[in-house]
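Paired with chain B in one complex and with chain C in the other, chain A is shared by the two complexes that follow.
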Partner chain A sequence: MNYIDFKSPTGLAEARSMLKELGDRASPVAGSTLHVFLRDESPKVAVDILRLGLSGIRLMNGEYHIGATTTVSDLLEHRQPGWVLDRVAKAFVTQPIRNMATIGGSAVRVFPWSDLPIALLALNADLVITGDDERVMAAPKFFETQPFHHLQPGDLLTSVRVPALGAGQGFAYHKDRRTSTDFSRCTVAAWLALEEGRIADVRIAVGAAVPMPRRMEAAEEALKGARPGPAAFAKAVEAGIDTLRWKGLHGISDEFARHLASVLIVDVLTQAHEEAKGA
Partner chain B sequence: MNMKSITFTLNNEKRSFDIEPDETLIDLLRRSGYTGTKLGCDTGMCGSCAVIIDGRIVNACILFAFQVDGRTVETIEGVGDFDRPHPLQTAMADAGAVQCGFCTPGIIMAAKALLEQKPNATEEDFNRHLDGNLCRCTGYVKIKEALLSCSSATGGQS
Partner chain C sequence: MSKRKFNVVNKPLRKIDAMTLALGKPSYVGDFKPNDALIIKMLGSPHAHARITSIDISEAEKMPGVHCVLYYGNVPRIVHTTAGQGYPEPSPYDTFMFDSKMRFVGDRVAAVAAETEKIAEAALKVIRVEYEVLPPVLRIQDAMKDGAPIVHDEPEARAVIPVPYEPKKNMAAQVDMEIGELEKGLAEADEVVDFQYYNHYGQHCPIEPHVSMAHVDRENRIIITTSTQVPFHCRRIVAQTLDIPVRQVRVIKPRIGGGFGVKQEIVLEDVVAMMALRTKRPVYWEYTRAEEFVSSRTRHPMLMRLRMGAKKDGTITGIGLDCLSNTGWNGSQGLTVVCNSGSKMLPLYRCDNIHFNGTVVYTNLPAGGAYRGYGATQAAFAFESAMDEMADKIGMDPLEFRSMNHIKSGDTSPVFRALGEGREGVDQAITSCELARCIKAGAREIGWKRRKPHTAKKGRYRRGMGMACLMQGSAIPEIDMGAATLKMNEDGSFNLLMGATDLGTGSDTVLAQIAAEQLGTTLDQIIVYSSDTDMTPFDVGAYASSTTYLSGQAVQNVAQKVRKQILKVGADMLDCKASELTVEDAKVIKKQGGGEVSFSEIALHSMYSSNQFQIGDISSKIVHHSPPPFAAHFAEVEVDTLTGAVRVIKYVAAADCGTPIHPKLAEGQVEGAVMNGICYALTEEYLFNDKGRMLNPNFGDYKLYTMSDLPEMKTILVPSYEKTGPYGAKSIAEIGINGPLPAIANAIHNACGARIRTGPFTAEKVWRSLQAGGELPFEEGH
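== the complex of A and B ==
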């Protein structure tokens, strides 16, 4: 990045005012782990948003409110009933990066190797943007395009709201990579709710092997009301797999990416089901 | 370029530096004489540049210098020296855990941050906490032996 100046606001209103005034010349900086991947060499003014008091995790009315500058290490270390993002944070590259990267930065700009967007889609998270007004966007809408396009000058993603996992519900996440710190070839997550032994609701999300993280809605619809089990999961995935466009990364073909995803989705559905059963 | 002043605590001493807006922390450290911190991959993946900021290990190659304004930074120079080595440094030398030595400062810093947080760190803790520190010489066995010998969980044994 070509930073020609920097600013270190200490409050949200001050930061928003700076960002609004600077417009396209502003570059909000939090964990600073992504700038090495950005190719923008136009002159920018860095606005440090780590001092705005936007870090922390609070449980309110069955929903975790996670400040946008909460680090991935904080997500990993947090322990509370129904908290599941530690399972995702565990797969997030390395300790120094986990200490620097924030949930907000990971959500606002999506890369093929991104972890959190896939989990946030499966968990039906809401993303809160503070501008002149506060806007709440559901994850599918937020990740429809590169999320930073939703932000007008002066807007900031300020928090992420994730429902706590309840009784009869399960969640599983898997990132396929060759080594523990490698980029993902396919990332999948599943959330599932049981009622009287049947699937009352289910969400399946995939990333890395598709151009942008997406829910697999056709498979979800096929599973609603069904009795859960490997055969039902495999049949539903087969019904939904071609509703998405598969893209092979890191030496694998598009066809193998499709196959890999179908296997991994059945795996995470099975794990989510086990958890929902209370196993 | 628009030079600006920042102040932070560096190895227990309050210091002020004039920095360029796009200067990384490692560039600031090395041009200021703190050359124990090494620049390896320059993309945050190898851990040679690891330093401790406010008690947590981070990669100085991708962190902008302006981000440490007002914070506490610890580099290998603050850990120990030839005459008064830190127990981790002694352990690394005794175990033969150093070959070319380029990754060693980052490994010491990562291990120090972990042991300050968890003095009884286990092998699993070291594996997870040092997953961002690459060594291309030793194969990690001797490094692990050395670091584990400094954990109270092993009582000085690895």
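== the complex of A and C ==
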């Protein structure tokens, strides 16, 4: 990135006004951890969005409202009933990066190895964009394309809403990597709800081994109403695995990426089921 | 076992540079970069094999802020080797400062020195180059095929010592040795194993990449400050490459931020020297991480065939090891690395029939070089994997099989004479070997008695144990030389000037301990200066596990001489014979009591009072033996049989390094080497495209372990006393890296039955092997 100026607004309205005025020349900056991966060399004005009061985690009506500039460290340290993003934050590279990276930045620009989008898909999060109006986008729509394309000049992702895990529900997340600081080769997450011993609802999301994070809807459909267990999970994976295009990263073949995903999805479904049972 | 009690050696004292480094005081080359230094950047070849048909540097030269552009058309064309080895070098002369022929992706096209990095990079972009692209050689097995593209077709390429060298066949070196008759040995065997193994590319990954700077002083001498393991070889090779006298070059080595062998090579210094000479300005060149991966040096990948015959009772009847080594675009260290593959592993087990062939081939890939383990790492993988495969065949516990065959104190091996470093070796008997105790201690620590065959294991996650025995050497006998100067100061302290090169190992501390022990003083009284070719005496440098054993003996010798001088002055002052005196606590005392003088009083007396002279001396040492350190390594792993993922649960390294002069540093060497070896075995991997371009030259994609990946590790130092070494010491720095590859391969097999013979042991390889019933068709990797 080629920054030629730095602006530090102290309120949302001021920031939005600056971003609107600067248009393409503006680059909103929070933790800056992704900027090293951006190849845009055109001159940019960095607009610091850390002082807009967009940090913090609040539980309202069974839903966590997470400010966009809340750091991943804060996600890791937060403890409240039904809070699950600490499990995702734990896998988020190293503490120095967690201290800087924000949930908003991780959601707005998706890389093959991104952690949070997969969890947000599985949790069916809502993403709140503040522009001239406030818009709420569901995760599947938000991650359909590179999310920054949803943002017009002056728009900011201001918060992320994640349902708290309730009784009879379970969530699991797994990131496959070679070392603790590695990019993911395959990331999977599953959320499921049980009713009378059957799967009432389920969401499966995958990333890294596919071009963009995606839900595996065919597998979800195969599981709805089914009795959970290894056989049902394996059958669901079989139904869904070839609905996505698998791409091996970091020296692994496409075939192995597909295989890895099929094993790991069963793993996270099993863990989510255990949690939902209250085990 | 240690034969005596020590005051300074064999103690974990504070490293003499610990506080300086911990406080971040200026220590490394980059810390001393002058504000007005020009920055050097290099244009690399986009092609693995090509000839430059035209090059235009005029636009770059005209760019404001650019001071010099070097390319093959404006520098001397002097063939040389980049290998920092003794003269005449065993590596072929096959390199030029710049050439019109490109031999790997990243090869030097042109260098720019400019006021800023940005200007230098902009200048590189306006250099116009046209290439005739040639077909590349990208696989070891293709290099010597009829009609293969020739990497070194220039007439100047030659070997400087009498060894086989046929560049027209892409053969950079060859060595062949037979003791007894291998075929006869295999015929006598009840069982024979015959497998191929492949050691992959790996990089040293020093945190400080290659970095050098230079300026020209008022006498027109070139002063190079550089991160090097070989300051004296650097001086000689730079002078040769620039066609200037050695006296015109001074090389200063400050602290080094890691070397592991990669800085036993002249990679930047020729260009910084030439730039300084041309511009008369200080110049500075630091490799990027991508350049460090591609353009510095790597571990030589090797394709190995290991044949072994044994009787049912465990007697080994024949061993054959054929190593086809990929030296990449230049032949640096190629011959000696492959010689070490034979000489550092073949003597480990008693056998009358041994055949060894090492053939080194050129390819259009990154160049191999010196890397911790230096050929022994490669051979240990094949050898120690095959030991397990044979133990399985004859139905013996692999530990028992190794225990009954390994070399012991008093033994010798014909291999020692047959295989040296690029020439015939030296006869030697093993005078210190505690390998049996290493095996015992390591087995106890890992819980070897719990080990069960893989067929007895069930479930998705399966654990297994593997082991490996290892040996290395301590310096290169009859070749390498070290020297030290010691002089006494008025306060009883000493300046110890050494050419020996501390590359982060703590050898300055270790050598100061040896001096202090011999002089009867304390560590804080030794002021170490190393190394500076104008100021310190010659030393070959830090390589071949030589510093403690070789340079340590030079230090011990010079300290003995100085001690004698001190006693002589003391005798004069105390009016007695020197034989009645000894040194203790920085004093000369009468053995029988009744008189003492401090070192300070002695120094003042010799400088100012009577029979005035500088107490001090110089001593050189060449060694006649290379006593091997020994080690037994044990790994316990867990394999996820569904994904193939391998996790090291525990790693035990038991090592015999003689007397550890500084036990904590010795343990640190083992731990560092083992960590280095574990991630080499599991995660480190060069990925190339089909044009020979490395795809992952960065720490994001080329994965090293960090401390958070560290498995439970236990290092056990099993002391012996090597009578030829300083205070009984042998080497320790390299041997530790040789164990993880075979120990983990054997542990994976013990866990789940998958036998992986190509590194690294990725999850996909293990999974595919399990899908194939434990064995995959052999494939050459990268």
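Keep in mind that, in the parts below, the second predicted complex is superposed on the first by the 279 of 279 C-alpha atoms of A that agree within 3 Å, B and C clash if a C-alpha of one lies under 4 Å from a C-alpha of the other, contacts with A are read in each partner's own complex, and residues count from 1 in each chain.
To be clear about the criterion, a contact is a pair of C-beta atoms (placed from the backbone, for glycine too) under 8 Å apart; a residue touches a chain by one contact, two chains touch by 3 or more.
Keep in mind it's a predicted model, so treat the numbers as computed, not measured.
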Could you look at A:T181 and tell me whether it touches chain B, chain C, both or neither (first, second, both, neither)?
both
Let me test your reading of the model: by the given contact rule, A:S8 touches which partner, first (chain B), second (chain C), both or neither?
first
Residues of chain A touched, compared between chain B and chain C (which is higher):
B
Tell me the contact category for A:Q80 with respect to chain B and chain C: first, second, both or neither.
neither
Taking the superposition as given, does A:T33 touch the first partner, chain B, the second, chain C, both, or neither?
first
When the two structures are overlaid on chain A, which partner does A:F256 contact: first (chain B), second (chain C), both, or neither?
second
Is A:S42 touching anything from chain B or chain C once the two structures are fitted on A? First, second, both or neither.
neither
For chain A, give the residues common to its interface with chain B and its interface with chain C.
94, 180-181
Touching residues of chain A toward chain C in the complex: what are they?
94, 176, 178-183, 250-253, 256, 259-260, 263-264
If we count contacts the way the header does, which residues on chain B are in touch with chain A in the complex?
1-2, 4, 21-22, 42-45, 47, 50, 56-59, 62-64, 66-67, 69, 110, 128-132
Provide the residue numbers of chain A that touch chain B in the complex, in ascending order.
1-6, 8, 29, 32-33, 35-36, 45-46, 48, 50, 73, 93-97, 99-100, 180-181
Considering only the defined contacts, which chain C positions touch chain A in the complex?
642-643, 645, 679, 682-683, 685, 687, 696, 700-701, 703-706, 708-709, 762-764, 767-768
